[in-house]
Amino acid sequence: MNTASRQADEAARARTAPPILTVDGVSRHFDTADGRVDAVSDISLSVSHGEFVSIIGPSGCGKSTLFSMIGGLLPASAGAIRIEDETIRGPHPAIGMVFQEDSTFPWRTVIDNVAFPLELQGVARSERLEKARHFIDLVGLSGFERSYPAQLSGGMRQRVSIARTLVFEPKLLLMDEPFAALDEQTRLLLGDKVSQIQATLDQTVLLITHNIAEAVQLSDRVMIMSYRPGRNKRILPIDLPRPRTSEMLSSDAFGHYVARIWADLREEAGRGMRETEGVSARGADHASS
Amino acid sequence: MPRPDATRLRFGPELGGLAVLVLLLAIVELLVRSALLNPFLVPQPSAVLLAFGRIVAEENVLHRFLVTGSEAGTAAVLVACIGVPLGALLHRAHLLRAAIGSWIAAVAAAPIVLAYPLFLVMFGRSASTIIVISVLSGLPPVILMTTDSLQSVRPALIDVGKSLRMNAWSLFWKIMFPAALPGIFSGLRIGFIFALINVVGVEFLINFGGLGPLINELAERYDLPGTYAAIGFVVLVSIVVFLILEALEKWLRPGKR
Amino acid sequence: DDTLKLAVGQRGNWDTIVSQLGQDAGIFKKHGLELEILYTQGGGETLQAVISNSVDIGVAAGTIGVFSAFQKGAPIRIIGAQATGAADFWYVRADSPLHSIKDATPQTTIAYSTNGSSTNSVALGFAKAYGLKSKLVATGNPSATFTQVMTKQVDVGWSSPPFGFDALAQGKIRIVAKANDLDEIRHESIRTLIGNVNLLEHKQDQLKRFMAAYRETIDWMYASDDALKAYAAFNKTDVATARKVRDEFFPKSLIDPDKMAGLDLLNKDGIAFKTISEPLTPQQFDTLIQIPPRQ
Amino acid sequence: MLRILIAAILLLIWQAMAMSGLFYQDVVLGLPDIARGMARLLLDPDFYRNLWITVAEILAASAIGSLTGLVCGMVLGGSRILERAFERYLYYLGPTPKIIFFPLMILWFGVGPGSKVALGALSCFFPVALAVAAGMREIPFILKCVGTSLRATPLQKTLKIYLPAMRGPVINGLRMGFGVAVIGVLLAETKLSNQGLGYLVIQNYQHFDMQAMYALLIAIFGLAVAANTALSHWADPNHR
Amino acid sequence: MNTASRQADEAARARTAPPILTVDGVSRHFDTADGRVDAVSDISLSVSHGEFVSIIGPSGCGKSTLFSMIGGLLPASAGAIRIEDETIRGPHPAIGMVFQEDSTFPWRTVIDNVAFPLELQGVARSERLEKARHFIDLVGLSGFERSYPAQLSGGMRQRVSIARTLVFEPKLLLMDEPFAALDEQTRLLLGDKVSQIQATLDQTVLLITHNIAEAVQLSDRVMIMSYRPGRNKRILPIDLPRPRTSEMLSSDAFGHYVARIWADLREEAGRGMRETEGVSARGADHASS
């Protein structure tokens, strides 16, 4: 399938499948002691059912801000976000979020962590444990049900977070740099796993990352953001066969996409790095976290 | 960074510490026997050891131990049951915190026990005086640490709760509180220490209650080994409280490393 | 001048104030002595201060405590009686139904300071002498006791002059008994002056001069009103109260240091309160009691 | 603003309690009485003489206790073996009220300021040692590695890495240590002395001079709080 | 220059320039509560003056252990490490170390951080400040001399660490994943900077990393380590022209090397990940830190 026909196909799909998520001209600014910071500016994006979309951009470009707004944790300053025509005003039940930082509960075992959302929904104990066990298995952690997060490695903890989000079967999975804390090899192998799961569950995923290889490896489309204020610089469809595995990393086609995104990002990253050096303590701090 | 490993030594250090302690006591014993240390000021450790049995048999120490222990227990329970909710309240009520947060820190610094005559005249020479003073001294660290640790619950954990659309109540009980428990426990540990110091201290000062007056009485009788043995029982109370707290923490914080 | 260090329990009582008044009146100075007076909160601390030789002389150490320390070999000696008999009195709130301690019922609570103290012996003495079945409770020092009486936590409180005299004058409380009502108390030297062995061996001369000045001060205290004025000023009360303290509660014999009285009774008390394991023998008393004779 | 309001309400409640007659009125004094006592105290030269004595004792006690606690804490915190061997004993003795050792202190250090300073220092030692030991263990291992790799001498490491890295916990420990040193010294003064604020408190109590006692307690609390506030101000990392 | 001639050139160079660092059959094991862990096993390597060598391997393969042994912070269980014929027994003055984690002193300003090693050596104040200023400029932080680390971003802090190590002009610069905490873009741009500095100062560098692109971008040779116990799996000379810039990332030759290393590593990482899932709490914990 060539690029043109693939894009046509995409377009057709977008027409038939109504978008599950629509981000419509969303902006967000913060008022800080040093003045107004424009974090996100006029972003529009729509994601259809079953799609895997990545958002990539340099540190501090507003990715997490956008993520929080879609998740309903932060109101937008302008614009609207819709889940299947319903404008969101707070956390929406159809959305599951996986956070950038470790967000497992250290006082709960793996299985109790994963079963937590079901506990809130009042699902009966035996049922929720069974379900949790299923998802623990899915992320490859069988045998660790009774371990506490402190007894796991960072990668394993992130998998617990993912299982905890998958367990209540959200229609839309939002992930904010879920693998940022991991080393490259582990990250790519976990990426494989997420790819498999997505295919199995027919899930819609919006992944935030700053890892180019990861974005290319996993996505149907990649949205590249500019440095602050975060704008939509380009949306790039990734026309690679599926299933994709980490082997593909050394193929030429893969290299082509990486180079393409890298060219876009270098400009922004360079801009960001220079600017970071000039920002106040607070901003720099945030950017580094 | 790989660190040099010390886990090889299973119980070596503990036994070594105990050995050093025993050795020190043996040296004291020798010094006292050879009168290099004034035997009228320092009793022989062996005599103290024997005195343990004697004061248990003659001075009703077990009962006194229970009296002091129950005072300490009551004070500890009150410190926990008042301090933690108050800390939580202070965390929620920003206005109140701004108003009296620094006052609580100030009370923590005030030597409340010095006002014991005042409490004595207000509450009489009774267990309530002892408990009130202890609770007042133990509260501030608990309140402050509770507020602090609720304040510094990792935002990511709270975000999880919000994204799962938890209401304020269950957010508090299922996330904020367990996440803050480690900090709350450090506060409790300090608070209990202060409360305990005050329980026995005030007993000793006002000569009322369990072990405190016994120390006075034995000192008054010039029963040095007995006095030291009684002090040993006070240390035992500290150890018991310390161990109970540790067990409690293990139970409440299963994931603790 | 030579300096002597004193540890004194109970600041401001007529019996414990002797050295203070003598020092202020220049009597010790006349004997070439300078006193440094420290106040303690009880006989235990006084005793320890003397045993450790941190002070030369202890004033108002409980006699049976001294026996105990001596029996265990502590380097102390009795250098004088400090109180023979006691000035302590027992009182009730003005609205109490009791008129005398003899009216006490089994429900009545009677205060004493601490276990094994002289007030404890006295309270036990009342119970024995009048056949009372009342409950005895340790209430601590006079001010703590006073509050407990006024707040009805105990019925009969104890005090030591002059504490409580203003309340007496205002009619808030009534006296129901005095320690000296009891014969065995009146004839018992319940508190002593003690000194470290070191003092007796190396400062014999200072000790003699101290005792001389001490006796001279007592004579002066009963001879004129000067001492009453000094006492009143020290305790921030008036001369009338001071006079009442001296004349009604402290016969001169009470604070006479020359003779240790009631040694047998004291031996018995010591055993009853477990401070001594067996009675002190006459030979032991000869070593222990070394009161410098009057010149 | 709210603070003043709350303070006013608390004072009013106290006054109401004093006047209600529910409490024994010689003990729960009204505000005017307390104010009078305060004025009397502040005009009394005797108060200042005793104040300086107590302050000097507290400073000496804190200095001795903190220094020994600091050294001990650093040694314990610096070695896992010593920690496992001895730290538990510190935890056991920590909550033991040090006042029960006062008789010993008299025996060893005499009846003068020595025994008060000793008791204060003993009280101060434990919280400082425990806090420093914990602080020592919380120094990021990596910072110690930097020192080792640059071949810093033990003294250089202590002065240039350990102490500055532990600033927070050390100052918190010192604060707690200071607080208990104050208590230790004052309580010792109530037990056996002829000078100092603790002595004044107990004298006033024995005379049942509640006015003077309230005034003294308020003065002592005020001073302790002021000293502690100064210390915590110094501990604030934003205030170098 | 073709590969063959380049390799001949390398070999010649190795013959003429005596090795500054020789790692000779070094092993290290740890005794833990759960038994013996072989972290590094029989590693040999020699680095000549002016060379840039990278060590790459999956998480937990013993890279940091090797780093600590070369730095003299940890004794080897077997084998010897020599700096110019001198067997090391503790930290050697010719070695400068840059650590994986943030190791700046938070209580010192940037300039005082950088001047720290000179302070220990007793260099006079004015001289050490001047020198520190020079190296702060070199890593591109002029203007931040008076800032505290908390006021800087993660990338800036790592540059402070690097300047602090360069300031005492060590003959051999050891770096343990110095950019691991940074996002990809910043990392590559910092890599450029290190490359420039190395050329300027004619420094010998041993860099530990798990980032393939980084290793290829910067090194003359890459040593690939196997998963635990860490062994020398392969030493790969990188025959790319210098100076290398981040533009090269999308060239074919670059892709060739990346693919080559990736193939080696995939095997090891897969093995590591499977094994990590089986290890005890303690080991996993460590691996994640």
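Order of writing sets the chain letters: A, B, C, D and E. Residues in each chain are counted from 1.
Simple rule for what comes next: contacts are C-beta pairs under 8 Å (C-beta built on N, C-alpha and C of every residue); 3 or more make two chains touch, one makes a residue touch a chain.
Remember, predicted model here, so these are calculated numbers, not experimental data.
Visitor: May I ask you to list the chain groups that still touch, directly or through other chains, once chain A is left out?
Guide: one piece
Visitor: Let me check something: if the centre of a chain is the mean of its CA atoms, which chain is farthest from chain D?
Guide: A
Visitor: I want to compare two interfaces, B-D and B-C. Which one has more contacting C-beta pairs?
Guide: Greater number of contacting C-beta pairs: B-D.
Visitor: If you average the Cα atoms of chain C and of chain E to get two centres, how far apart are those centres in Å?
Guide: Centre-to-centre distance between chain C and chain E: 82 Å.
Visitor: Roughly how many whole angstrom separate the Cα centroids of chain B and chain D?
Guide: The separation of the two C-alpha centroids amounts to 17 Å.
Visitor: Once you find the CA centre of chain B and the CA centre of chain C, what distance in Å lies between them?
Guide: Taking the mean C-alpha position of each chain, the two centres sit 38 Å apart.
Visitor: Need the CA-centroid distance for the pair chain A / chain D, whole Å please.
Guide: Whole-Å distance between the two chain centres: 53.
Visitor: For chain A, jot down the residues that touch at least 2 other chains.
Guide: Where chain A meets two or more other chains at a single residue, that happens at 150.
Visitor: For chain C, which residues are shared contacts with two or more other chains?
Guide: Within chain C, residues 44, 48, 51-52, 143, 147, 151 contact more than one other chain.
Visitor: Could you check chain B for residues that touch two or more other chains and list them?
Guide: Chain B, residues with two or more chain partners: 1, 38, 41, 117, 121, 219.
Visitor: What does chain D use to touch chain B in their complex?
Guide: Touch residues, chain D against chain B: 2-3, 6, 23-24, 27-28, 80-86, 88-89, 91-101, 103-104, 107-108, 141-142, 145, 175-176, 179-180, 182-183, 186-187, 190, 198, 201-202, 205, 210, 213-214, 217, 220-221, 224-225, 227-229, 232.
Visitor: Can you list the residues on chain E that touch chain D in the complex?
Guide: 68, 71-73, 90-91, 93, 95, 97, 99, 101-103, 105, 107-108, 116-117, 119-120, 168
Visitor: Help me check something: in the complex, which residues belonging to chain B touch chain D?
Guide: Going through chain B, the ones touching chain D are 1, 3, 6, 9, 12-14, 16-17, 20-21, 38, 41-42, 95, 98-100, 103, 105-106, 108-111, 113-115, 117-118, 121-122, 190, 192-193, 196-201, 204-205, 212, 215, 219, 227, 231, 234-235, 238-239, 241-242.
Visitor: Within their complex, state which residues of chain C touch chain D.
Guide: So the residues of chain C in touch with chain D come to 5, 7, 11-12, 36-41, 44-45, 48-49, 51-52, 54-55, 141-143, 146-147, 150-151, 163, 235-236.
Visitor: In their complex, what parts of chain D are in touch with chain E?
Guide: Its residues touching chain E are 140, 142-143, 145-146, 148-152, 156, 160-161, 164-165, 167.
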